[in-house]
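Same chain, two partners: chain A is paired with chain B first, then with chain C.
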Partner chain A sequence: MRTRLISLLLCTAVLAMPASAAVYLERDVFLQRAFGEVPRSQTLWLKGDIKQAVQDILGHDYRSLRVRYWQHGDKTAWVLDEIGKEQPITIGIVVAADHIEQVQILAFRESRGWEVRHPFFTEQFQGASFFQGTELDRPIDGISGATLSVKAVTKVSRLALYLHQRVLAASAL
Partner chain B sequence: MLLLTLTAHAEDTPSVEALWQMLQEQQAQISSLKTALAENQRRLEDAQRRLSSRQTQMDTNLKSTQSDVISAVEMVDATADAVDALLLQSERTASRTNIGGYGELHINQLDNKDEIDFHRFVLFFSHRFSDNLSFHSELELEHSIAGDGQVGEIELEQAYVQYDYSDSHRLRAGLFLMPVGFLNETHEPNTFYGVERNNIEKEIIPTTWWEGGLALEGELAPGVNYDLAFHSGLKLDTANGSASKRTSIRSGRKKVGEAPAESWAATSRVRYTGVPGLRLSLALQHQQDLTQGDADNIGIGGISANLMVADLDYQRGGLGFRALYGRWFIDNEINTLNPGADEQYGWYLEPSYRINEDFGLFFRYGEYDKTAGNVAGNTEVEQWDLGLNYWLHENVVFKLDFMSQDTAGASVDGFNLGVGYNF
Partner chain C sequence: MSDSQHQAQKKSTTLRQIRSGHRWLALPLSLFLIFMAITGIVLNHAESLGIGEASLPGSLASRYYSIPENVQGYALEDRWFYNLEDRVFLDGQRLLPVCTELTGVVKLAGDFVVACTDSLLLMDSYGALIEEVSLSSAVSALGTRDDQLVLKREEGAAGFDLADLAEQPLVDAAGVSWATSALVPAEVLQSGELLAISWQKFILDLHSGRYFGQLGVWFQDFIAILFMVMALTGLRIWWGSRR
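So, the complex of A and B:
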């Protein structure tokens, strides 16, 4: 009887709570924090050798034909999606010169692995650059029980770093 | 003399008629040149007019071409936007329902077993009803073939509805895995070392263990996670089988298949993951009555029980270390069924080293005892394992391990081979 009562109270309390989606940071806020005055967005077509490199980094094609980015000088910002296990994680990455300045989880939709959104994890990427090819110059320590989310964030960070390099190389021509 | 000179000069000077003739000819030439010049001027003006006209036409054409190019770029952009939107919509539609799975084939070459077994073939199905409401399930075929007289089973290991009622808290209702230990919740073959799941988690926790009920999980602070579940309980078969079977926690899993619900259970867990690579976890569980009201039949009261499982996982670079300790504190009424069964415990230590993306080595030492309260005899089981994982792909793994198990005077040695996948 006591168990039944507790279960009933628990259900009532839960259903009375407001529901909300797991959006932790709006894209515009992320960009404003990165640039102050947000530059106009540009697009980069994922074709030719870029498309192949994207496949190599992610292990599959990216979900769209182009990616949108924001650039001011040698700083770029990217908002990219990658699936951890089942649902896309929306990740914001700022790259300056040749290194990652910040990684932010904007939205998380997976049923496990939400710990990747915390600074204690994302701060590992600050200052990271490429060491050999498109590998990061440092190991990223994972989170037990969040392996797939950790892999997704790491891959997307490498992808942003690669795309940033391609954009800066094209600008220098 | 002068006269002669003038006379000679007069003879060289053209006559007036000749001069007039020359003048006429020069005048004609001048007229001709004027005419030619006028013609050239006219032609030049015509050319300039045509050039100007062509320039105007070219300007018009250029503007038109520029406009066309801009329109084309806009159309390409619009098309690309539409295609991307379609891809996203398609992905979102497709990703509302997901299929995944894992599987593992094992070869055991042990003193007491020479066997090949497709141990597990598992399919995951999930569906997202809305941003904060989803369904998750896991359907498993064990030992390759199921049916009357066959060795295998088809089992529903997970089937629950999850309601994310805030960013950091969610509710699960249905059939779910117990939040205890490492392998009970995360047991895809590419995520752990060793061909077979370790015996401590298998015999003491007992992995894989699921129950039906209601669970809350979430985050109290960054890296501090909690689980709180109210669910169906274990049911020991107190009337049949050997003494050890009648008090085996593992045999008490009724798997939510027309399972008795006289007595319930509750599980809580606190898990700390606030440092990258570190996990510290403590789980506590209370079972109201392991007999589900059957104790009267054997002349005793109910058998309540408590489980405590503490675990540590630390990965730093390639180095890894796992440790787990689990212990049951069971009402000593259970000793009437099997002396010493009121204390059941197990622990293991597992250092490992991930050499690179492809290879990892591990060593594990563990002990467990399911009748530790029996002071009359030594029933402890000791086991060490030494092995290698080779990840052909991050989700495909080949495994090899050597093991040695000692149980009061008996030992089992040998090696295991396995291949596993996860998608």
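So, the complex of A and C:
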């Protein structure tokens, strides 16, 4: 009885321990998986109407004045940061032909909400595109206790889709 | 008096003593409980109340929070970069990026390049973040040679191209001008936002006792133990009353 109680307490203590900041996937590995041969990166300045659209999607200005992306044909890959509760989450998004191909959590620095890195959550975004304006064409199921992380990943996915469209539109000109 | 009567009287006396102790503890602890409940509720609704953004008046902040001393930073063109509380500061202004350890600052093509252990922050002359570049491994120093950025790592130095994020190991690090740190002047530390303490931090420090330093933390621990004593004596009283 006593042994079971101690085991239960230990298990509870371990499960209750906050996850520390973690890098789940290196940027270069993410890009290699997306493209095979990684194209040269390019930068996109977030100014003018792009800046306004970014603000509308995120609810605030993006943390930097420009973002970096990788493009091959009609496929782009983005590595973007967004604050969950207090710390930035680094998210990799691949967009192909106006649909999200994959979402990967590259680094997570909060003590809570790290469940968003699991495929059961990120796979919801596969195939997602815009429905009306810059809203996704599907609801994204939340995770109890990870609301802010879920919101951050959802916003960044929308942002990547939007920036992808802007990049392709500029390439077409 | 029989043994059973003697035992019953003894139990009754014990219960009376517990009840008395419980009552006397309750008086001072009730004040702490009210204080902790109020600060706890406020902290629970910090976001909707906006206390994370609102700052304490400077006079209050400077009265109760001290400015750190002996801070190492990097001076470039009479401007000081340093990091405190996991943030980069430029001449007293707290900048956006998180940075646990500043390992070098250089100027390149009109922009500042700031090394934060495993990332590079590219900033314009106003301190606005142009781009944050994550690195594959930690950088211990930053330098320049012939208008090229050079990173120093444990395994050696490498040239870094900010345009396409390409690294090339340097066989020879001769001629690299490495950024060196120095003590940030007190007047720079005392200026600007260093004392921009949010109401949330202030209330959290009060709630946790940290406001009064380590003694305050221990005192809060002591109060928490007294609360446990209250709970246990309360249970004992309830159990005694039932019987």
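Annotations
Criterion: the second predicted complex is superposed on the first by the 152 of 173 C-alpha atoms of A that agree within 3 Å, B and C clash if a C-alpha of one lies under 4 Å from a C-alpha of the other, contacts with A are read in each partner's own complex, and residues count from 1 in each chain.
As a working rule, a residue touches a chain if its C-beta (ideal position, glycine included) is under 8 Å from a C-beta of that chain, and two chains touch if they have at least 3 such contacts.
Since the structure is predicted, the reported quantities are computational estimates derived from the model, not experimental observations.
Once the two complexes are overlaid on the shared chain, A:R66 sits against chain B and chain C alike.
Legend: residue contacts after superposition of the two complexes on their common chain; A:T90 is shown touching chain C, with no touch to chain B.
Once the two complexes are overlaid on the shared chain, A:S171 sits clear of chain B and of chain C alike. Legend: residue contacts after superposition of the two complexes on their common chain; A:Q32 is shown touching neither chain B nor chain C. Contact with neither chain B nor chain C is seen for A:Q52 once the two complexes are overlaid on the shared chain.
Looking at the superposition, the partner that touches the larger set of chain A residues, chain B or chain C, turns out to be B. Of the two partner chains placed by superposition, only chain C is touched by A:S41; chain B is not. Of the two partner chains placed around the shared chain by superposition, chain B is the only one that A:A146 touches, whereas chain C remains out of contact. Contacts of A:F120 after superposition: chain B is touched, whereas chain C is not reached.
Touched by chain B in one complex and by chain C in the other are residues 43, 63-66, 87-88, 109 of chain A. For chain A in complex with chain B, the touching residues are 3, 6-7, 10-11, 14, 17-22, 24, 43, 59, 63-66, 83, 85-88, 109, 111, 114-115, 118-121, 124, 139-147, 151.
Interface residues of chain B facing chain A in the complex, by the touch rule stated above, are 77, 80, 83-84, 87-88, 91, 95, 98, 100, 126, 128, 131-132, 134, 136, 162-171, 182, 185-186, 191, 214, 216, 219, 222-223, 225, 230, 264, 271, 273-279, 313, 315-318, 394. Only residues 26-28, 40-41, 43, 63-68, 79, 81, 87-88, 90, 107, 109 of chain A touch chain C when the two sit together in their complex.
Touching chain A in their complex are the following residues of chain C: 96-98, 124, 128-134, 136, 164-165.
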